[in-house]
Every structure is written in C-alpha cells, then in structure tokens.
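These are the structures in question, set out in turn.
Both of the next two complexes hold chain A, though its partner changes from chain B to chain C.
Right, the complex of A and B next:
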C-alpha cells in the first residue's frame, strides 16, 4: 500500500516539472493557435544558459535561472517579431514547419557550442534534502519546490490572463485579432510578449530539469512530447488543466517505472492515449470548447 | 477638415470594390452612406479604419495621411469602427469588451461611467458574457466599445441590421446623443429613411462609385432610390 502511495507522491512531484514544460506551450497555443515544435529545445537551451550563467556568476543556480529567463524572454520577443509573425495567418502548417526548422537549428547549434556530453546544474545541498511523510514516503525538498513553482507559474498566468489589461488584450487577440486591432490593440506586440513569457517559463523549466536530471543537446524533443501530452490531457487552452495533465503523465510514468523501469515512458504515452480516447477535449476543457 | 478622401480604390482579390472615391467630412457633421449590398460600403469603412489595404488614393484625417497605418494606430488617432455584425469578443464580459475599447488610451469625454450612463442596461449586465445579451444590447456594447476609445470620428456599419424597429429607434436616439457630445459620425445604413433623418450629408454608392452626393435635407427619397438602383446619376 505504502509503495503505491510513494509512487503517487513521486508522480505528482514529477508532474510539477512536466507542467512547467507545458505552461509556455499552453500559453502560446492558447493565444496564437501555434504549436511551437521548438519548445523542448528552448527548454534545453534555457538549461544551458542557466548552467553557463550560474557558473559565471559564482555557481549560484538562482542567478543562473534568472539570467536564463531574461535571455530567453528577450529571444522569444525578437523571435516572434522577426520570424514567427511572418508565419502566422498562413495556415497552421506554416507555423509548425517554421518552429520545426527552429528546433533542428537550436539542437545542432547547442551541439556545436556545448558538445554532446551530458551536463547537469549543481544546486548544492538542496538536491539531497528531503523529509519523511511516514509510511515509507519520502519527499525531496527540490521536487516539492518545482511543484510549488509550477503552481505559482499557473497562478501567475491565470492572474495575468483574467485580471489584467494585458490579459484582456491577450484573450481578445486570441479570439479575433482583426477586431482587436480595430479596437486599438497591437496584436503583434501582444503575440511577442506572450512568446517572451512562454520562453521565460521554458528557461525556468529547463533550469529545474537540469538540477533534477542530466541533459544533453538532443534532449529537447522528449521534453516537448511530455509537455505536449500534459497540454492535451489537461485540455487545450486551460491553464489549470495543463497542471493536472502534467500530474497525470507524471503519475502514469511512476506506475510504469514501478512495474518495470523500461516502461516509464511507455506508461506515460499509454495514459495519454487512453485519456485522449475517453475524453478527447481533455480533463478540464475550456467552456467554449466543451 | 476632419476627413478627406481622394481617389480611393480598394479591391477584394481581383474584384475592384472601390473605384475612385472622393469626399470630405467636416468635424461635427454626420455623413450617411447608402447603397445596395456589394456597393463597397463596408470596404470603405474598413479602409478608413486601417483594416483593409487600399490599392491607391489618399485618406487624410485631421490633415494627417493614414497611408500604411495599421488599424491599431488609426484607432489611436481617433477613428473607431462599430463593425458589421458587431464582432464582440465572446470570451469577454460586457465590461471587459468596453474596457478593451478604451485600451487605446485616448483622453476625452467617454469613459466606463459615461458609457453606462448612456446605456444603463449595460451597467446592470456588466459581468455577463456578451453572448447572453439580446441583439440590441450587443449592439450597445459594440457602440460603447468604440466610444471608449474617444473617437473624433465614429464609423457605424449597419448598426440596425437584424434588430427590431423599436430597438433601432432607441439606438438612433443614442446616436443623436453621441453626436451631441461632439463626435462626428459616418453611418452605413440600409434603411433610407433612417439614413436621411439621422445625417447632415448623404453619399450613395453603386458598384464602388459615388453616384449621388448632397445635403440630406435637399435630397429626395426618389433621387436616392433612383441612384441606389443605378437608374440615374
């Protein structure tokens, strides 16, 4: 019994990381209806920037994470303004192809700059800290912190989207960019800011991932897949759904790994397919899509 | 001169929708534009609002050229459109739709309170999703949303479309009050009687050309009807 409780707890904690992978993806899809295929590679790039900046700034991972978030946020703004904006409005496929190309460029660029060796970010003592919940369930402080960050990011995005003037523009532009423009909203600026926020979250996710596990330049597509599954399972465009989706994939992977370590990823994918078959709109679909 | 249009041409794909329009509008006046479906009325309004690219011609607003300006920049200069079919944001509440209109940040007479004073029914329903409103109430939101930008020129594209006569009567009463607050109006209207009654000047468009122009008081219904159907110039 307690073994299953432990699997559940560890799965939920892992789900926090997956929700962080997915949050930026969910935001960009919700606003621009664009699936950013390069999102996973941006997560990896964020990890590398955090590693390099953290090392340069005296080995502090928080400083590294902040620099990485600023750098990727700025990159996201410019990327949207200079590249992706041209791909929007030409059908779904055009944006998918452009971000697919970006993904290949990023992965190979990282290979060139950072070498194919696995790296990790050293966060010091917090990595091994933990406490016992009793019954053989042990909770790591850092995984709990990641889950708390994921909840915080979702809360912040929820507040931004539904409680601020920028969020109002965001929702209006998502629904009807043409009319939003007539009302004085600069849709291109809104898109660029949304992409900046999405990539800043990707950088945070990358840093957390780099502290939890090792990473290499080729690890992006798998992060994209986990994030993508979390978004779909939770329901497209629903932020809380994305968190729930991340937790579902995390728990399913935990169960799979308990049966056989080789089954970890397969179990996540099977859970994804099962939920997609039973609830095609996701667990928490947005009202208008329901 | 508030608005000056010279040689304006615009197309939908290969189809020429506007074939060289020239007209002007002085500040504080109301211009009605009538014409059959497909005459180019909505295209004209969308060109003025910066939402439709012109092929050639010039549009000057308060002496400034509008060439190449995106819709949100035109809105910031003081031209607001109440689009055909209302085009409200269904995922936003009544109040959020109104606040969105005010995001251009132009100072002036209109604010949330003044819009609610004009349309008290909207104040009661401020937190409701716009899809739950009646057609007339939705049109009030569309007009209020455009007013929130404090336009110098308000473009209204068939505000009476699909509404009951009593609601249309009420809406035109509101437009008169908006005019009295100092806003110039450009009305596209199917109902000829309404168009003549609510305007100072009238333009009749047929197949993208102006076939009749004059002071509303001096134009007879017969003249407009003849021009409308392309019978006379």
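Right, the complex of A and C next:
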C-alpha cells in the first residue's frame, strides 16, 4: 500500500517538472498557433548554458539558471524576429518543418560544443535533502521545489495574461493579429516577447531537469514528447490542465517503473494514448474549445 | 497552370523517355557495378521511396507526420518476426510487412486524427516512440539489442552474396518505381483531385461532398503500407534489426530533408532532393554533427526563402514538368 502511495507522491513531483517542460510549449501555441518542435532541444540547451554559467560563476546553480534564462530569452526574441516570424501564417507545414530543422541544428550543434557524455548540474546539499511523510514515503526537497516552481510559473503566466497590459495585447494577437495591429498592437513584437518568455521558462525547466537527472545533447526530443503529452492530457489551452497532465504522465511512468524499470517511458506514452482515446479534449478542456 | 496546359505534349514525352532510360540504366547496374555501388543505389531507391511517401502525406494530403519511422520499424519487425518464427520464404515477408504496417496505421490514425495540424505531427512521433519501446520488449527478437537474420534465412534469399545483392537492389528499384507510379496514378485520379482540393481548402472541399476523413485515412494507411514495405527491404539489406535503428527518427528526418530541399508537393522535387542529399552525404557525412547542422540550415533556408525547393528554382516560371499530375478524366 505504502509502495503505491510513494509512486503517487513521486509521480506528482515528477509531474511538476513535466508541467515546466510544457508551459513554454503551451504559451507559444496559445499565442502564435505554432508548435515549437525544437522546444525539447531548447530545454537541453538551457541546461547546458546553466551548467556552463554556473561553473563560471563559482558553482552556484541559481546564478546559472538566471544566466540561462536571460540567454535563452534573448535567443528566443531574436529567433522569432529573424527566422520564425517568416514561418507564421504559412500554414502548419512551414512552422513544423522550420522548427523541426531548428531541432536538428540545436541537437547536433550541442553535440559539437559539448561532448556526447551525460552531464549533471551540481546543486550541492539540497539534492539529497528530504523529509519523511511516514509510511515509508519520502519527499525530496528539490523535487518539491520544482513542483512549487511549476505552480509559480503557471500563476505568473496567468497574472501576465489576464492582469497586465502586455497580457491584453497577447490575447488580442492570439485572437486576431491583423485587427490587433489596427488597434496599435505591434504583433511581431508581442510574438517575439512571447517566444522569449517561453524559452526563458524552457531554460528554467532545463536547469531543474539537469539537477534532478543526467542529460546529454540527444535528450531533447524526449522532453518535447513529455511536455506535449502533458499539454494534450491536460487539455489544450488550460495551464492548470497542463499541470494535471504532467502529473498523470509522471504517475503513469512511476507505475511503469515499479513493474519493470524498462517500462517507465512506455507506460507514460500508453497513458497519453489512452487519454487521447477516451478523452480527446483532455482532462480539463477550456470551455470555449469544448 | 494554363501555360502548362498549352505546352506541346512532346515536352512531357521527352521527360518520360529520359526517365525510362534512367530506370533502364539503373536496372542494369548489377551487370557492371560493384558491391558498394549496388548497396548505395538500393539505399538511394529506398530513401527516395520514403521521401515520395512522406511528400504524398505532407505535400498532398496535408498530413504532416514526424512519425513515419513507426512504419519503417513495423515493416522491418514484421519481416524479421515472420522469418524467425516460421519457415516461410524471406521475400514473402515483404507483403507481410506492408500488411502489418497498414494494420498498425488504422488504429494509429483513429487516435491521431483527433489531433490537429502541428499536434498531429508530434502525436505521430509519440506513437512511433511507443512502438519503439514496445519493440524493445520483444524478447524473441533480442529485446533492446535486436537480432540478426538467422544464417539459414539469409541463404534462403539467394544462394550467393552476389545474387542476393542484385536481387535486393532490383526489388528496391521495383518498389521505388511502384511507389512513384502509384502516387502518379493516384494524383491523376478523381481521388487525387479530391485530395488536392482538401489540402487547398478543407471547408470548400467538404461542401462539395468530399469525404475528408475517409480519404485521409485511406492515404495514411496506404502510405504506411508502402513505408512498411520499404522498411522491410532496408533491413533485409542490413540483415540485422534493432529497435533504435528501425524506429529511428532519422528515417523521417532524411525524408523531410529530401522533400524540402528538392521541392514539396511535386514528384520531381524529391528526385532532385535525393540526388542532392546523397551527394552531400557521400562528400561530407564524415563531419558528423556539423554536416547535420548544415543540412538543417539548408532545409530551413529552402523552406523560408525557396519553398518550391530545387525543382521550383530549376523549372522557374515556365512551369514545365516531367510528371504530369493533372487529372485525366
């Protein structure tokens, strides 16, 4: 019994990380109707930047995370302005192919500058800190912190979208960029800022992932799939749904790993396919989409 | 298009003669080429067939999939399973592979068609990953590390290595010609017209009574079957199958590069793209990651600044074509 409780708790904590993977993906899709297929590779790139910056700045992972978020945010802004903007409005095909090409470039570019070996970000004592919930269930402080960060990011995104002037332009260009343009909103700038925020979140997610597990240049696509599955399971357009979706995938992976360590990822994918079969709109569909 | 329609038919006929000549020269390769050339050309035929099939889905049916490696893998695994578990002649595994891929494609489509556009693309990738991980659990084929084709089965393909190489090359060429002829036939038919209408304007197409769902399902399953057949051929040539190789994302990545660089939505484009791709690979692939970075950059550049690809640049505004895909009533 307590074994199952442990699986549930660890799955929920892992789900927080998957929600962080998914948040940027969800934001970009919500605003630009574009799925950034390179998102997983940006998460890995974020981890590498945090690792390098953290080491250069005396080994503090928080400093590394901040530098990584700034660097990826700036990269996102420029990328959107210079390249991706051209892919918007050219139909699904163009955006998918351009971001897919970007994913190949990033993955192999990382291989060029970093070795193919697995790396980890050293966060010191917090990695092993934890407390017992009784019944053999132990909660790690860092995984709990990641879950709290995921909730914080979702709250911040909701505040940004619904309570600020920038959020108003964001919703306006998502609805209809042309009309928003007539009202004086610079749609291209809003798109670029949305991409910057999305990639800054990807950098944060990458840093958290790098502290929790090892990563290598080829690990991006898998992160994209976990994030994507969290989005679909939760229901398109719902940030809390994405958190719930991440938790579902995390718990399913935990159950799979409990049966056989080789089944961890397969169980996550199967849970995604089952939800797609039974509840194609996701667990928490946004009302206007339902 | 109207300009094209007024062109003399002789133009198209010259193209046809050129193509038949190319196929004839290729078909005689076992008589004068070495072992390496045979393998390379067999691989070329398979890659081009995969690219043409991906092009049919993305360029004509509006189904942008990044999970076609699922069907390459299913085809390869069906062939190896058939050969390992039963004493059937190995080449009988090829139709079996096509059948298996089509049978997997039907439930996959049932699930994936719930996802729109870009989400369909990533969903198809998730399905391919699921199948890769499931194949890793097949202990009868060596689980995650894979299995070689038993030596008895290898001998059953053909008695000597030379004959086997020639046979597999001819089969690859035959499959390529079959795939291209099949796509050409499809595009010229009523179904092809409906497909293009659906791609260009789904709402209007539906309003004139085109059964969008059924049509897309048929094209998806058909392309999957052919992709499975090519997958089985590729791994019959390699004599060894493993989940990571059979369900490798690279099968789709390469097909995409070939189509995007050559020219999406045409039959000529992928041919040019495949020639370009193999030339680059032979010349530069020793640079590994840098080579792939360059390929990705070329593909993005083409997609954004020359979406009609090399073929579009070559044919210019004259709009000539080797394969006339207009409907023949």
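In the analysis below, the second predicted complex is superposed on the first by the 290 of 290 C-alpha atoms of A that agree within 3 Å, B and C clash if a C-alpha of one lies under 4 Å from a C-alpha of the other, contacts with A are read in each partner's own complex, and residues count from 1 in each chain.
The rule is short, and it goes like this: a contact is a pair of C-beta atoms (placed from the backbone, for glycine too) under 8 Å apart; a residue touches a chain by one contact, two chains touch by 3 or more.
Computed from a prediction, not measured in an experiment: that's the story for all the values here.
S.K.: Is A:170 in contact with chain B, with chain C, with both, or with neither (first, second, both, neither)?
M.R.: Neither partner.
S.K.: Looking at the overlay, does A:178 come into contact with chain B only (first), chain C only (second), both, or neither?
M.R.: In the superposed model, A:178 contacts chain B only, not chain C.
S.K.: Could you look at A:198 and tell me whether it touches chain B, chain C, both or neither (first, second, both, neither)?
M.R.: neither
S.K.: Could you say whether A:32 touches chain B, chain C, both of them, or neither, answering first, second, both or neither?
M.R.: neither
S.K.: Report the partner of chain A that touches more of its residues: chain B or chain C.
M.R.: C
S.K.: Classify the contacts of A:187 with the two partner chains as first (chain B alone), second (chain C alone), both, or neither.
M.R.: It touches chain B, and chain C stays clear.
S.K.: On chain A, what residues does chain B touch that chain C touches as well?
M.R.: The overlap between the chain B and chain C interfaces on chain A is empty, containing no residue.
S.K.: Which of the residues in chain A come into contact with chain C in the complex?
M.R.: The touching residues are 29, 34-35, 37, 83, 86-87, 90, 92-98, 100-105, 107-109, 111-112, 221-222, 224-225, 228-229, 232, 236, 262-263, 265-266, 269-270, 272-273, 276-277, 280.
S.K.: Looking at the complex, which residues from chain B come into contact with chain A?
M.R.: Where chain B meets chain A, its residues are 49-51, 70-72, 75-76, 80-81, 83, 87, 89-92, 96, 99-101, 103-105, 145-146, 149.
S.K.: Tell me, which parts of chain C touch chain A in their complex?
M.R.: Counting only chain C, the residues touching chain A are 58, 62, 64, 66, 111, 114-115, 117-119, 121-123, 125-127, 129-130, 133-134, 136-137, 144, 249, 253, 256, 260, 264, 288-290, 292-293, 295-297, 299-300, 303-304, 307.
S.K.: Spell out the residues on chain A that touch chain B in their complex, using ranges where they run on.
M.R.: Those residues of chain A that touch chain B are 165, 168-169, 171-172, 174-176, 178-187, 288.
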